[in-house]
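Note that chain A is present in both complexes that follow, paired respectively with chain B and with chain C.
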Partner chain A sequence: MSAQDTPSAPSPNSSTGDGRQTWLRFFLSNEFGLILLIAAFIVIFAVSTRGFLSPFNLFSLGRNSAVNIMIGLSMMTVIVTGGLNLAVGAMGVCAAMAFGWLIEVLGLPWPIALLGGLGMGAALGFINGWTVVRTGLHSFIITLATMSIFFGVMIFLTRAESYRAIPDVFSALGKMKIATYLSPLLLVTLACALALTWLYRFTVTGREMLAAGASPAAAELSGIRVGRIIILCHMLSGVLAGMAALMLVARNGAAIPSMAGQLGQDWLLPAFLGPVLGGTLLQGGKVSVLGTVLGAFLVTMLSSGLLMLQIGAFWVQTFLGLMLLIAVLLDKARRSYLTRRNLA
Partner chain B sequence: MTQTPIFRAQSIEKAFPGVLALKGVDISLHPGSIHALLGENGAGKSTLIKVITGVHQPTAGTMYLDGAETRFTSPRDAIAKGIGVVHQERNLFPRFSVAENIFLEQLATSYLKPVNYAQLNRDARPWLDALELDIDPATPVSELSVARMQLVEIAKALSLKSRVLLLDEPTASLTSSETDRLFTILRRLRDDGTSLVFVSHKLEEVQEICDRVTVLRDGANACDSRSMDGVDRDQLVQMMIGRSEGAAAWRHRDTASHPEVLGLTGVSTVLGHRDITLSVRKGEIVGLYGLIGVGRTELAKSIMGQFAVTGGEVRVNGTAVQIGSVAEAIHRHGLGYISEDRKGEGLILQHSVLANAGVPIWRKLAGALGSLSDGRVQQVVTPFLNKLEVKTPSLAQTVGNLSGGNQQKISVAKWLAAGVSFLIVDEPSVGIDIKTKAYLHELLRELADNGTAILLISSDMPEMIALADRIAVMDDYRIRGEVPNTGVYDDISRKIMNHIHGSEVDRTEFAEASNP
Partner chain C sequence: MLQISRLSRADWFGPLLATIIAIVLIQSFSATFLSAYNIEILLLAIAVNALVAYAQMIIIAIGQMNLSVGAIGGLAAISFAGAMEVWGLPAPLALVFALFIGVLAGMVNGILIRITGISAFVITLATLSIYKGINLGITEAQPFYGIPESVKSFGSAILVGPIPLLVAPTIVVTLLLWFMLRRLPIGRFILAVGSNDHAAALSGISVSKTVIAAHAISGLLAAIAGVLVVARLQIGQPSIGDDWLILSFAAPVIGGAILAGGHVSTMATMLGVVIVAIITQALVLFSIDPFLVQVVLGAMILAAVGLNRLRARQPLKGSM
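Our next item is the complex of A and B:
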């Protein structure tokens, strides 16, 4: 037998199946899974607790998730580069303290102080980014160090005193209720999330961030200034951390050095939970803003619901840790399923 | 042949999600023979090898070892039954030593017994010696050059003392002299009765060393296992691509009167280049020839601004320039670089075709506030992707899932879309099948004819002679001389060798390498 004719292979992805595949892909997506989970837990908590759907609880749930989502977004902007930012908490607190100092000591009007606070976040982000780029070390080490440095310097400068002279207009933002149950802070967070979605999908800078995160070498040789982009990601992270901290200031009516715990560590769990549940790749290069929002919201809702079920606070921590683990395992299963079905 | 095959596979089918990679392939391997397995990229060679070595389980079909039906449940199982393999991808642990890598499967006899490193290193020696590899077995693999890693991998396969040894493109990153050495060893193994399978895109090598052949096309046999006697190159090509090879002959082009696009005078770099003088005119293809590791890629990256130029003059379109970053080289001066390391530096594998093809033009296409839509990028990029006949289900497809040839087409399309006036092409046909290679050559000529200045880096002499107008010879981070291309192979290779031997660096092995 010699060379035999073989029929040509049918193309695996014919155009007719595309629409259905898009839907299938959505139903198999992380975001859809999160929406299902959120819906399921809303039903569970609404049935099993009293007042879960009360306007007051919805309000405080919205306000808490506004902060948690913002913290998650702050971490997400650095995870995009394949890095981490352990200093989110420390940077946030520093931004808040700068805000308080500008108002109380310099007597500046709050909108200017607000810009000053966010500027502080950006500046600290610049320090992180610049050091990471210059040393070529992993941001894990750099931000572990700067977390301590930022926090230590802040405590030294403020003598661990709070700034309490926050203008009423500003703290009113934290207490304001739109239609009895909606916190304006949540709207601010959602606006930020929309802006980030726009950044990553529809701007050159956002695409360059993703490219630089996925493959720095290839990005560099394609004409992307990778160093500059990474610094920018860290600065963005600083601004978002500052936003989260300022929302806490609005809620508490004061800028308190311990608002994020010792060294800002209280923020770390929410910072990672949002992006990881939301399907942002830890290796960098892929991002899901919607996923981060949903992930952080789910976490906030779970903590609030579990507390209302009067389960001890330590059980809530255990439960959240378990959630993280299960979510990662589920995601792994989902991905291998997608690869097997050739959908990814 | 009257001999009975040591291994036979019959009607092997292998289905992957959405693709039938093998559609009933037969192959039979005889002891004491070197069997060529040929086919274009995507023809199913690697899949077949993975089925034979237990990495994949066949969907259908039977395999016979010594005439008895057999199946391999895992690579370990296949190794235990005497089937060894050197895969196309690197399978070494960079931080482990050479000896540890060679004996990975048999580091210690029991779990708690400490590893005897002195013994391990002693045991590794003979296998390295067999390949005339002069390295300390205790060296971490990460410190070796790519070529040497490849040889270590072959040493590892040899140490398994397999009865059937499959080599998937073992020569891809070897120089001619290293290849010759490998062939000597393969012949010795053959004479000792081992059955070898040799996969390569280089037909010259196949004709030199193989005595039997199986050709695959689109996952099926284009020819059954047969003797190489009486099969010539044209027939092989015909079986592989289903038609005869397009004549890709060199032709003389007169560019002497064209203006210079890129010029270097007495350039030195932080990487150690000294006194580099080079000029590429509009519409001209200048070859930069040299062995791996003599500073060609490094020069390319220095021109692109990734590494600093410390002395001399760099001119773009006649104006002296200082290029501080790759971004500047691309966006301000219109220079482009197609990397030799397609997967590492050329493409972002986890991103889509569209995202990859558009990177260099994002800045150019951006509107107010840096906004950019997929639609705009698509509009610009699609004509080039179509022109290059990139085969992809959609523009949203992840580049990492495409074949090597298609990936290379995308990395070329990216620069076509960017409309650069000077393009450095670094080893464009590594890992590319014959059809795509001929196509790429045609494309580079067409680009030059349309006015792009091209600097071609290649260690493939026939490729150089097919494309370049002039060939600059590099050795030890210096330009040793320049040879005009006359299209006469022997003449040019002799001149190139003279230039390299004119240098004080002694490279006796190069003399062997130069013989076509």
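Our next item is the complex of A and C:
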């Protein structure tokens, strides 16, 4: 059963069965559950806090979730292959610092520096992917080591100093408000999510990525160059991590080495929360871009709402951890229900 | 000849050789390396780091991973300090309380993993955040300063010559752990579950009990490490354990532990800790940028897993 549906993207519309079955499937899907949860929490927060739906809060919510969704997407592209990428944070910070360096030290115009930053992300992703493919070791241990190496080299080269000479045009992106409440950063993220959906749904490369994650041996036998695909996934992850970090640069107006915490570890939890809540299987081969977007948005909204409820900033992390736990448990229960009813 | 080749196949042989070479090399370049003061600093680092490494090693032995080692250590550390400052408990009682918290946190990990059947990675990522959040929620990121004199003097006491008293708990734990993995049923069960949990279950081992026990031991070891750090720093820092993640994997992997499970060695892990400590210390002695320590640590993990793979292939070649 699972072998049957692994190659196909989980989507309410992709099934060719009759309409009722499709709708039933959608109501039982992870994405629908997330939409319900998001709607429920919006109501709860709107009633119990003041100013949750104010334009300013919506703006900051959109801006924060833009970054968190991007971090989740970055992890998702590697999870698709059945791997993990612990170096997401370290790669992101390296890309941001490369961007800052190109502008401040080399004096390049920011669009070229932007490409340079993303190129840095892709290059680091290539190193990860190449090492994983060449050594045949699990990406957990490789990216654990490279996370330490990337971050260490970055801190060594920058002397832990920030680059503050970010052009106003670029940092204006972080402050700009469309129709008083929408951040352009969120639009960038949603465009990326749409592009990824298109990649996994309609392109040969995207299908090959899913196949390589579902069963590397089978993919290899059907003529897919699995090694190359895995390297590509890691590079994609690097570019997306770079995007997330550059958005933070736009928001802060500076490229700061500590913006993802020690070794970039602060990004680990948001990176996994999005995809895992969104129903992307850690074993690989199955992906839900919409789920990741919704999952990361839910997490951002919850942290913001909990802060506004004044539960205490220090407890938010505990809630996020509990949420991850509850989410995986619910997903497990839903799956076993679907299996029993022969719906999955 | 035969004996040498047998020796070279032992887990601890490679790391031991590397340790000796590293010591000789560094000593020949910097005469202060083996000074009493330097040895004391080395031993202090090793005492704590070894416990952190063991906490991860015991989970690697069952073929899983524990991302929450640092969070448990931090939680136990602030429980220890907080129990003494806020509740006024005497140090031994506070110690028991802190170790109990550690065991409990570890057991929660193990129980969740067994009940849900979800991978240890996701569960311990979630509990990492929960334990760290509880830690921050209780302390509000402020350290506990009220550490009694008895604990402070334990942390700075000297056993003999350059050897600090803090290494005593680590030595005891090392011996117990070695004995457990070698001789006690629970140790053998842990290794059996790690190499093949299906086969272990068929031969009558309760996989659930073994996994939960392993996680409880891991929590206990992390808690002891946390308490030792409190004794050494003389304050209950909420940030204790934040930087244990890389370290906890580095030492067992350098010591030849196979991440798939079923194969770990206490002595080799200890040597892995020693190698990491020596090289970190050497970077300081040669006044190499401290920022590069992270790079070296990462590179050492990569080198070690590469070597382990080569070594795993060797016996196959020999038998053909």
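In this section, the second predicted complex is superposed on the first by the 327 of 344 C-alpha atoms of A that agree within 3 Å, B and C clash if a C-alpha of one lies under 4 Å from a C-alpha of the other, contacts with A are read in each partner's own complex, and residues count from 1 in each chain.
Going forward, contacts are C-beta pairs under 8 Å (C-beta built on N, C-alpha and C of every residue); 3 or more make two chains touch, one makes a residue touch a chain.
No experiment lies behind these values; they were computed from the predicted model shown.
Asker: Is A:F314 in contact with chain B, with chain C, with both, or with neither (first, second, both, neither)?
Answerer: Only chain C is touched by A:F314; chain B is not.
Asker: Should A:L329 be classified as contacting the first partner (chain B), the second (chain C), both, or neither?
Answerer: It touches chain C, and chain B stays clear.
Asker: Per the contact definition in the header, classify A:S215: touching chain B only (first), chain C only (second), both, or neither.
Answerer: Touch status of A:S215: first partner only.
Asker: Touch test for A:M301: chain B only (first), chain C only (second), both, or neither?
Answerer: In the superposition, A:M301 touches no partner, neither chain B nor chain C.
Asker: By the touch definition at the top of the document, which applies to A:I127: first (chain B), second (chain C), both, or neither?
Answerer: It touches nothing on chain B or chain C.
Asker: So, A:T205: does it touch chain B (first), chain C (second), both, or neither?
Answerer: first
Asker: Answer with first, second, both or neither: which of chain B and chain C does A:I224 touch in the superposed model?
Answerer: Only chain B; A:I224 stays clear of chain C.
Asker: For A:L269, is the partner it touches chain B (first), chain C (second), both, or none of the two (neither)?
Answerer: second
Asker: Spell out the part of chain B that touches chain A in their complex, as residue ranges.
Answerer: For chain B paired with chain A, touching residues are 17-20, 23, 215, 217-224, 239, 301, 304, 306, 325-327, 329-331, 337, 339, 341, 344-351, 355, 359-360, 362-363, 366, 369-373, 393-394, 398, 414.
Asker: Please name which positions on chain A make contact with chain C in the complex.
Answerer: My answer: residues 84, 131, 135-138, 140-142, 144-149, 151-153, 155-156, 159-160, 262-263, 265, 268-269, 272, 276, 282, 312, 314-322, 324-325, 328-329, 332.
Asker: Can you list the chain C residues touching chain A in their complex?
Answerer: So the residues of chain C in touch with chain A come to 65, 112, 116-119, 121-123, 125-134, 136-137, 139-141, 242-243, 245-246, 249, 253, 259, 289, 291-299, 301-302, 305-306, 309.
Asker: Give every residue of chain A touching chain B within the complex, in rising order.
Answerer: Going through chain A, the ones touching chain B are 1-4, 6, 8-9, 11-13, 18, 202-205, 207-208, 210-211, 214-215, 217-225, 285-286, 339-342, 344.
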